[in-house]
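One chain, subunit A, links the two complexes that follow: it is found with subunit B in the first and with subunit C in the second.
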Partner chain A sequence: MSEYITPIRTYLAVFLALMALTTITVAVAFLELGPFNDIAAMGIAITKACLVVLYFMHVRHSSRLTKMVVVAGFLWLFILIAFIMSDYLTRGMISLQGPIG
Partner chain B sequence: MSDTVTTPPRRKHYLNVDYGIKSWLLTQDHKRIAILYLISITFFFIIGGVMAALIRVELATPLGDLVEADTYNRLFTAHGVLMVFLFLIPSIPAVLGNFLIPLMIGAKDLAFPKLNLGSWYVYNLGALLMVAALLRGGTDTGWTFYTPYSSTFADSEVILTALGAFVVGFSSIMTGLNFIVTIHRMRAPGLTWFRLPLFVWAHYGTSLIQVLGTPVVAIAILLVAAERLLHIGIFDPALGGDPVLFQHLFWFYSHPAVYIMILPSMGVISELIAAFSRKRIFGYKFVAFSSLAIAVLGFLVWGHHLFVSSQSIYAGLIFSVLSMLVAVPSAVKVFNWTATLYQGSISWQTPMIYALGFIGLFVIGGLTGTMLATLGIDMHVHDTYFVVAHFHYIMVGGAIMGYLGGLHFWWPKITGRMYSVFWSKIAAGLIFVGFNLTFFPQFLLGYMGMPRRYHAYPEEFQILNVLSSAGATILGLGYLLPLIYLFWSMRYGERAGDNPWGAYGLEWETSSPPPTLNFDEPPVVTTEAYDYLSLREKKLA
Partner chain C sequence: MQGESSHAFGLAHHFDSFDQQREASYLGMWVFLVTEIMFFGGLFTAYVVYRSGQGAAFAIGSHELDIVLGSINTAVLIGSSLTMALAVWAAQTGRRKAIVAFILATILLGGLFLGIKVVEYSAKFEHHLVPGPNFHWQGPEAPGVEMFFNLYFLMTGLHAAHMVIGIGILLVVAILAWRGSFSPENHNLVEGIGLYWHFVDIVWIFLFPLLYLLGRNIQV
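This part shows the complex of A and B:
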C-alpha cells in the first residue's frame, strides 16, 4: 500500500490555522454575545479537532476502513451524549404534584 | 507411567521450544501469553471465589454473626470487583481468544505480539493496585462505585480500587484492538469473512465493545478521583454536580461489559454445538450478525440500570424498549443452536454438557433480564436478590459455563493431553446442579423482597438462603475438580492426538500442542466453516 506523504507545507498551514483559531477563541471570550459565546467556542474547538484528526493524525489520506473507525468513535460519543440528554431534557416534563403527588 | 518409556522423539512445540522463567515472561507467542493469562485469572477466580464462600457462610443464618456489616460490604465489593474486572472480562478473550484466534484464522500470531504481552503486564499492574487496596482494608462501595457515596462519603480504598479498574481497562482495550486488526488483516488465503468460525465473529463483536466502551468508564473513574481529590463538582450536588451522571457514564461501559463476558462465551458454544452435533451451525450468517447486533444494541440499553434513580421516566421508557430489542439477536442464537441440534449426530462429551447447560441457564438469565427491563416489574425487584440471581445466571451460568466448556474442548490442543473424562463429567454435573441450587432460590428471595447487599435478614428468608449456601458448596466442589484433574492431566493425562474430537477447523489441523508459529505449512482455506458433511463423506469414501 503506497502511503501518502503530507508535505511540510501542509503541516505548517494547519499549525498556523490552529494558532489563529486559538487566538480567535481568546478574542471571542472578551465579546458579549450571550448564548453565542458558547456556540462560537464549541464551533472553533470542533474545527480545531477536525484539523488535528484529518492532518496530524493522517485520517484524510487513510483507507476507508480507518475513516470508518474514526466515524464510529464519534458516533459512539454522540450516542453517549444523546441518550444522557434524553434523560436530562425530559426530567422536568413530569410533575409529581396533582392527584398522586 | 509406561508411556514415558516409549515416548517418540520429542517434537518441538510452543511449550518445549524454550524453558526458564524468562522465556515465559518475555514471550511474544500468543499461546504462551494465553497461558500467562490463564494462570493470572485462575488465581483471581480463586480469591473471588473465597469471598463468595464467606458471603454464603454469613448468609446461612439470619443474624450477622460471622462478619460485621462494614466487613460484609467490603467482602461483596471485593467479590464483584475481582470477578468482573480480573476474571470474567479477560476470561475467554484473553485466554481462549488469545490462544485460538490466530490458529483459527491460519495466522502465525496476533497482529501486535508485543502489545499482547504488554496487555498482560498492564492487567497485572491493575490487579496489583486492586490487591493493594484489598490489603489496606478494601473498598465498601460495591463494584459499581456509585456516587455520591464513592466520591464524597466512603471511607475506604475507593481510589486505589478504581485506579486498578482504570488500568485493567487498558489491557482490555489492547486485547480488543489486537483482535480487530488481526481478524481484518491476517486471515489465511481463502478465509473470507463468511468462512470464519463463529468464535471469531463473537470475538470481533466483543473487541468492538472493548475498544469503544472501555474509555468511557476510564473517564468516569478519573472524574470520581478528580472530585474526591480536587473537589471539582461533577457528581456531588453540593458542588453543582449530578450523581446520576456517574450512573450514566458507568453503565455506558458496564452494561456492554456484560456482553464482553457473554459474547465470547456464545462464540464457544457455537463451536461446541457444531462439533458435537457434527453439523454446520443452522443459519450461520444470522448467528454471525447477531454477535454484531448484540455488540451494537448493547450500547443503547444502559439506562435500564437507572429506572429507580432520578432518571426521567421518558428516558426510562426508551431504554426499556431498547433493552427488549437485545432479546432478539440473543434469541436468534439460542433458536439456531437448538435447530443445529435437530437431527445432528450428538455425542455427550464433557464440553457438550457445558454447552447444553449454557443454553438452559442462559435462557433463564435472558428471560429474567427482559422481566427486569420492564419498568413496572423493575420497580418491585430493583436492588433485590432477583437482580443478583439474574446476572449470576448470565455471568456464571452463561459466561463461566462457556469458559469451562471451551477450556475442556481445547485443553487437548493447548496441552496435548487428555483429562479424565469420568471426573470431568462429574464436575460438569456438579456445577450445573450446584449453580441452580445456589441461584434459583435467590430469584424467589428477591421476588419476596429480600434486598441485596445486607449481611442480615428476617428469619422467614432463612430456608431459601440455606439452600443457596448449600448449592454454593456443591458449586465450589464442581469448580475445584477441574482445577485438580486438569493439572493432573498435564503430566499424567493420555496423549490426546491432534484432533481428539474429530472437530472441524484450522486449529485442529495443526499438531497438539501447536508449534510456535502455529502451522508447518501456511494453510489455504477452500471450504465453508463447520463443513462436517464433507468430513463425513470423506470418511465414508
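This part shows the complex of A and C:
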C-alpha cells in the first residue's frame, strides 16, 4: 500500500471551488436574510474547511485511524461550544422557585 | 523492506517499512493539529459567547474592518494552500527543484498575507480601535465594540504568529529539499509542514466570515 498521489487537476479544482465559495460568502453577507446570514456564512466556511481537510490534507485517502483522530478533534470542539452555549443561551429561561431561587 | 537485514536510506531503524514510517508521521502531525484545534477553539468559543450577548456591538465592529483587504487575504491564503499542496505533489513524484519552487511560492504568498495584515493593523492603531487606554469609541455599544477588537487582535494575532512560525519551518524544509533530502518514499517533513499550513488556512477560513462578514447586512 503505497501513498495515494492526488493528481494536479484535483488540486486545481479544489482551489477554484474554494475561490468560488469565498466570492459567494462575501456576496451573501450583504443580503438581508435574517438568521440565515449566520447559517450561510458558517455553512460555506464548513464546506471550505471540509474541502481543505479531504483533498489538500489528503484525509480522503488516509487510514481509518487518521480519519478517526480528525473527526474526534472537531467533535470535541463542537462539544466545547455546544455545552457552553447550552448554558449561556438558556440563562433566565427558567425562573427558579423555592430555596435555590 | 520487511525481512531485510539492512535498512534503506531514510528509513528510521524502529520502522519496518516506509509505509509504516509515513503513517506514524502523518498520524503524529494530526494529533498535534487536534491540540491546535482546541487551542484556537477556546478563542472561537469566547467569540461565540460574547457575540451571542452583544450582536449589535459585534456588527459595528465588523463594519470597521476592511472587507476588501480581508477578501484579498483570504484569496492569497487559499492560493498559498494550493502551492503548498503542489509542493507535496512534487515531493511525492520526486521533483526536487519543483519542491523548492512551490515552497518558495508558499512563503511569498504567506509573506504577502502578513504584509496586508500589517496595513490593516496600522489602520486600527490610527483609528484608535486597539483595545486599551487609547481605545476610542462613542456610543452605548463602546464596551461591546472594544470586546470585538480584543477578540479580533487575539484571534488574528495568534493566527499570524502561526504563519510566522510556518514560514520559518518552510524555509528550513526548502533548504533540505534543495539538498535532496526528500524522496518519493520519504518526504514526511514536506507533508507535515503542509498539514500545518493547511490547518492555518482552515483557521482563517473561519476567522474571515466571523470577523469581517457577520453583521454586514445590519445598518449601523
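One rule holds in what follows: the second predicted complex is superposed on the first by the 92 of 101 C-alpha atoms of A that agree within 3 Å, B and C clash if a C-alpha of one lies under 4 Å from a C-alpha of the other, contacts with A are read in each partner's own complex, and residues count from 1 in each chain.
One rule holds for everything that comes next: contacts are C-beta pairs under 8 Å (C-beta built on N, C-alpha and C of every residue); 3 or more make two chains touch, one makes a residue touch a chain.
This is a predicted model, so every value here is computed, not measured.
Visitor: Check whether A:22 is in contact with subunit B, with subunit C, with both or with neither, and answer first, second, both or neither.
Guide: Only subunit C; A:22 stays clear of subunit B.
Visitor: Using the superposition on chain A described above, determine whether A:93 touches subunit B (first), subunit C (second), both, or neither.
Guide: In the superposition, A:93 touches subunit B alone.
Visitor: With both complexes overlaid on chain A, does A:32 touch subunit B (first), subunit C (second), both or neither?
Guide: second
Visitor: Contact-wise, after the overlay, does A:76 reach subunit B, subunit C, both or neither (first, second, both, neither)?
Guide: A:76: touches subunit B and subunit C.
Visitor: When the two structures are laid over each other on chain A, which of subunit B and subunit C touches more residues of subunit A?
Guide: Residues of subunit A touched, subunit B against subunit C: more for C.
Visitor: Using the touch definition from the top, say if A:65 reaches subunit B (first), subunit C (second), both or neither.
Guide: Once the two structures are laid over each other on A, A:65 reaches both partners.
Visitor: Which residues of subunit A are in contact with subunit B in one complex and with subunit C in the other?
Guide: Touching subunit B in the first complex and subunit C in the second, residues 65, 72-73, 76, 80, 84, 88-89 of subunit A appear in both lists.
Visitor: Quick one: in the complex, what on subunit B touches subunit A?
Guide: 184, 212-213, 216, 244-245, 248-249, 252, 299-300, 302-303, 306, 310-315, 318-319
Visitor: So in the complex, which bits of subunit A are touching subunit C?
Guide: 1-3, 5-6, 8, 11-12, 15, 18-19, 22, 25-26, 29-33, 37-38, 41-42, 44-45, 48-49, 52-53, 55-58, 62-63, 65-66, 69-70, 72-74, 76-77, 80-81, 84-85, 88-89
Visitor: For subunit A, which residues count as touching subunit B in their complex?
Guide: Counting only subunit A, the residues touching subunit B are 65, 72-73, 76, 79-80, 83-84, 86-91, 93-94.
Visitor: Using the touch rule from the top, collect the residues of subunit C that touch subunit A in their complex.
Guide: Per the stated touch rule, the residues are 19, 22-23, 26-27, 30-31, 33-34, 37-38, 41-42, 44-45, 48-49, 52-53, 67, 71, 74-75, 78-79, 81-82, 84-86, 89, 92-93, 191, 194-195, 198-199, 201-202, 205-206, 208-210, 213-214, 216-217.
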